[in-house]
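As structure tokens, here come the structures.
Look for chain A in each of the two complexes below; its partner is chain B in the first and chain C in the second.
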Partner chain A sequence: MTKKATTIALGILTAIGMGMLLLVWQGYDPLDSYAAVFRYSMGSSFAIGVTLERTAIVAMVALAATTTFSSGASNLGMFGQILTGEIIATAIGVYLPLPGWLLIPAMLIGSALGGACMALIAGLLRKYFNMNEFITTLMFNFILDYFTEYLVNTSMRDPLMSWPMSKVIAPQGVMPRFFGFLDGSVFFALAILVISYILWKNTRFGYEMRMNGKNPIFANYGGCDAQGNFLKAMALSGAYNGLAGCLLIIGSGQQNRFVPGMGENYANEGLMIAIVANNNVIGVVLYSFLFSMLNAGATGMQLETSVPLEFITMLIGLTVMSVVSIREYSTTFINNAKAMAENRKFKKREVK
Partner chain B sequence: MENNVVEMRDIVKIFPPDNVALKRVSLSIKKGEIHSIIGENGAGKSTLMKVLYGLEKANQGEIFLGGVHKQISTPKEAVDCGIGMVHQEFMLVGVYTVLENIVLGDEPCNALGMLKLDAARDKLKNILEQFHFDFPLDEQVQNLSVAAQQKIEIVKLLYRNVDILILDEPTAVLAPQEADELFKLLEQLKQAGKTILFISHKLDEVLRISDTITVMRRGERVWTKPNQGLDKIALSNAMVGRDVMLTVEKPETVPGDTVLEFDGVSVKSPLVPGKLDNDRVSFSVRAGEILGVAGVEGNGQYEMVQALIGALPICAGNIRLMGRDISKDAIRERRRQISYISQDRKRSGSSQTDTLTDNVTMTHHYVSGRLKGKLGLLSVRKMRKLCDEIIENYQVKCKNSSTRMMELSGGNQQKVIIGREIELGCRLLVADQPVRGLDVGSIEYIHKKIVEERNKGVAVLLVSADLDELFSLSDRIVVFHNGRLVAQRRPDETTREEIGEFMLGARSELND
Partner chain C sequence: MSWNLILTILSSAFSASIPVLLAGMGGLFTHHANVFNISLEGMLLVSAFTAVAGTMSTGSWVMGLVYGMLGSVFVSLLFAFFVLKIQMGEFITGIAINTLATGGTTYFMRQMFNVKGTLTSPDIVSIPKWDIPILRDIPVLSDILNGQPWLFYFAFLVVIPLVYIVLYKTRFGLRLRATGFEAKAADAVGIKSHSYRLIAILICGVLCGLGGSYLSIGYMRMFSENMSSGRGWIAIAIILLTKGQPLKIMMLALVFGFCEGLGMSLQGYEIPVQFTYMLPYVATIIALFLDSRKKKSVGNKKA
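Presenting the complex of A and B:
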């Protein structure tokens, strides 16, 4: 445990250090820049609210990616399933006249089901036609991107806007804010994270999914239902993405309407988080928060120190690489050190 | 010193992090002798040979060849120094001819880089004549038997003018008759002045062919003695440091009702169209008996077990478990009633990177109610408890239940697996080569456990390539050859030689 924490801390510090060097090299003040990032992401209750809302959304995508990585099913349709969630939430929110206590759950459930269906289609294509879900999910991203764009260009378009986008959802469909700054998405995401943790640790399905991801042959001989679990894992992963899409529409800090192509950066970030978090729910929470902090503070940093926004994207990339490489290499490094110490013992005996 | 072709001094090898495989091992090999190195698995004999062959780099120590200090860091250098090794798994290309395989890596070429196979053929002819080999040089290697392939590996070394041959458990893949032939060949090689290093588990053959025997235990050399006046008891005591029971105590039991029945089962080969891997196989196993399945590897035993578990579909006949036809059931259904120890503990018997707890949970998680917690969830506490029980009752040496499977030795891994399967409490136990590659101590323990299960009234189906194992455990033995069940015997009414003849297809008792 301490070893895990040490490698993570070491990875993040390395990335931050490298970022500083780059800033110095480019003639910026590194401390000022980082301070600005921190101020704009954590400096006020408003800033914290923005950071946490973003964390909630990206954590959903990261859970989706974690599901696929740890179960051995490949779902790369994050973007497409987020779009599905978004468009369904928008449609319900705009056209279904329901009171808020019904509308919000309806949007959440509708989006989750929509995302699950999209992933499940890929799963069924695999089951019945042996089509690689790796490719089909990736292709669905394009189909859904253009299809949703078509929808907001035609039937769902807001005629008042010059740019193609949907109407704004009914006001009672927007997530309520708590304490004036905390969006309801944060509590919702927290609940989903707790449920996911239990699902992985304490259910048969979670156990079979993990084992299938680690050694499918062993799982198969052990009596795990490989095919059934594959479909379930695909659907679950799609549902997480659908939820992320829904939160992108109904969050109080969001635009509350569908704009073509929105959410693509979340899709990529979710995949990266799943990789650095190493299929661990707690890791997902930590890295979602860290990355959201950097992203939320990026605009502020650009404003104050004129370091371009893109620097943060680079910093996130550096973090992913250094955390993963330090994690992978640390075991080898420690083992080799131990072996050398052991070898010295034999040399000493020789002297005696 | 001068007549020692190989002299290894104070070799230390540490596998990271702290697995000391060789603790200052010294070994001298005389020219022209057959020198056997025996020891349990993990005793370091293979590692020592790999250091000599340049496959592993030693942390300390020196190697002298003919009195000259040598640094050997790759197999290529070893071959240049006249040292060659035949591995347990052959390194041959199936679709190449024998000749092509032999010259591979050392091909005679002309100035333009074109192959000159005829030059190689001439050189080989001498070798083949000298040692009376008779295999067709232009046949594809995949069409030859395992024994022939092994000979090709040896010829490969002779072709490279190797003087010191290391053979890593060469008889593990051979039938008794084939092993005899190998020993004759080794004797001839010795007459021709070659030195042979022979690694083995099997005490009988070591005593039979060796001039000198070295025993290793836990990374140390126990002793090296000339093979005079030594016997099995002396060797096994030195290997494990205590007396081992080489025959399993097995009380007489009266077998009960039939548990498993194969009735004319055929299995199509997934690789070769039109071929049947199992052809009308019929047998039954009763409660309280051990049915041993003998056969040279690749004759249908593996497919029979796969068909029984449900991993391979059958195309004719049916399989009945306690009277019920299970031929159409999924693996998940069948595993409710079958405890199964698979052939390959790393690939199909465990998840190496997961904890022991996760490993013992498999199958229990849906079969038995003993892991159920509140609200129908899996109880992590009960999973750990099951794991702790298995660790204690099956004498698994490990830190605790959170240890990862890969950190355990092979024997302890197998004990975890066997514990898991026996604890399922099924009436049928299928054990496919349960002790392959294990040390004597673990083998003894696992055999004891299997016999205990039989005495409790469990029907046991034991598949093994080791006739000693089959003879000491089985109540009945059936023999597979070419996908067919060719004979059935009680071990006290037959001999290893007779079973060997059935295995090789020299005899058959098929009545159709």
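Presenting the complex of A and C:
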């Protein structure tokens, strides 16, 4: 555990250091920039609210990625499934006249089902036609991006806006805000995280999934239904992505309408978080929070020290690389050292 | 459809296939070395950017091409370092590198040229187009094939034959394929599988560099955010479909180029633009589907 914590801390510190070097090289004040990031993401209750809402959304995507990676399926269609969730939530929110207590659940369930269906299509194509789901889901991303863009250019377009985007959803469909700054989606995401944690650790379903990811042959030998579990994993991860899409529409800090291409950065970030968190639900929460903090503070940093906010995307990439590489390298290093020690023992014995 | 439109479609089909083709040729080496390289997308994107930056700062397309290749080789070195030295997973490294490429190109585009979204400038020098005397006189072919950037002819007439020869007719190619087939056995007979993998990744970087440069200073004359738009992924799909055979990769790259060219040329007709843009991606899925049908029928015959 301590080893884990040290490698993570070392990785994050390395990334922060590299980011500083980059800032110095580009002629900015690194400490000021980092301070601005912190101030604009954690400095006031409003800022904390923004950060947490973002955390909630990106944690959903990261859970989706975790589900696929740890069960051995490779669903890379985060973006496409988020778009599906978004467009379904928007359609329900704009065109279904329901009271608030019914509208929000309807949007959430509709989006989750939509995302699950999109992922399931890829899963079924794999099952029946042996088409690599890693490529089909990726291709669906592009297809869905264009398709949703087509929808908001034609039938779903808001005629009052000069850019193609959908109408704003009904006001009772927007998530309520608690204590003046905490969006409802934070609590929703927290509930989903707890359920997922229990599902993962304490149920047969979760166990079978993990076994399938660790060693599919063993899982099959032990009597798991590999094909069925694969489809379930795909559907589940699609549902998480759909939920993320829905939260992107209904969150009180969001635009509450569909804009083409929205959510792509969340899709990438979710994938990266799942990788650094090493398929661990608590890790997902922590990294989602860290990365959301960086992203929420990016605009403030740009405002104060005029560092372009794309710097944060790079910093996140660097963090992922350094945390994972230090983790992997430390295990290789330790294994090598053990092997060397064994080797030495063996040689001594031979000499005798 | 008029005759002219068909000629335009075919012409842009050949032109549009080049980035996918070159990325595919690069990815083929890593495929044969059994390195699952999904950073093709990032390599294309970075080289497209560095190529534009190179021409804008030096004013010559030669330097643009050199910068493009250097950018992509840098990415491939990064990939090689993490995969071979640190032994990080190939998949993870690829995803992280692609994200770094997206963030990095956008950041430096803003930083160096102070623009967001799309970078166009009269300072971008494109690769010179060749007017080939013999081709000029042949009626249909001259419309389709003449007047393309010289990298176009280079890709078809030099790169593809060279890749084929290197892969199947040289000792290097044989050893590379042996490495990919069974690294331990290759090591046992004295082939340094590690360095063969490194060389494969570097070759991939060089070829992707050509492809990315073609994208930004040959095919178009601009750089935009995420301009590779899935071409690297399509190249990976093609490699997996063809199991890394150069000639088949060329054929499929042309098919995808045709879809893209069709999409570009059909703009302004009754079909919504979004559907024409979808074509290459839909074609990839259809190709995967057809491939699976073929395999099934072969299996049935055997049984």
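Odds and ends about this structure:
The rule is short, and it goes like this: the second predicted complex is superposed on the first by the 331 of 352 C-alpha atoms of A that agree within 3 Å, B and C clash if a C-alpha of one lies under 4 Å from a C-alpha of the other, contacts with A are read in each partner's own complex, and residues count from 1 in each chain.
One rule holds for everything that comes next: contacts are C-beta pairs under 8 Å (C-beta built on N, C-alpha and C of every residue); 3 or more make two chains touch, one makes a residue touch a chain.
Bear in mind the structure is a predicted one, so any value in this text is a computation, not a measurement.
Judged by the touch definition given at the top, the superposed model places A:Val284 against neither chain B nor chain C.
Judged by the touch definition given at the top, the superposed model places A:Gly317 against chain C, while chain B stays out of reach. In the superposition on chain A, A:Met139 makes contact with chain C only, while chain B stays out of contact range. Applying the stated contact rule after C-alpha superposition, one finds that A:Leu23 touches neither chain B nor chain C. After overlaying the two complexes on the shared chain, residue contacts for A:Leu271 are found with chain C alone; chain B is out of touch. In the superposed model, A:Tyr150 makes contact with chain C only, not with chain B. In the overlay built on the shared chain, the residue A:Met211 is in contact with chain B alone; chain C does not reach it. When the shared chain is aligned, no partner comes close enough to touch A:Met301: not chain B, not chain C. When the shared chain is aligned, no partner comes close enough to touch A:Leu248: not chain B, not chain C. Shared contact residues of chain A with chain B and chain C: 332.
The touching residues of chain C, counted against chain A in their complex, run 82, 86-89, 91-93, 95-96, 99-100, 102-104, 106-107, 110-111, 229-230, 233, 236-237, 240, 272, 274-275, 277-278, 281-282, 284-285, 288-289, 292-293, 295-296. Chain A makes touch with chain B in their complex at residues 198, 201-204, 206-208, 210-211, 214-215, 217-225, 332, 334-339, 341-343, 346-347, 350. Here chain A touches chain C in the complex through residues 26, 74, 125, 129-132, 135-136, 138-143, 146-147, 149-150, 153-154, 268, 271-272, 275, 308, 310-314, 316-318, 320-321, 324-325, 328-329, 332, going by the rule given at the top. Residues 10, 12, 14-18, 20, 23-24, 59-60, 309, 311, 330-332, 334-336, 340, 342, 347-354, 358, 361-363, 365-367, 373, 377-380 of chain B are the ones that touch chain A when the two sit in their complex.
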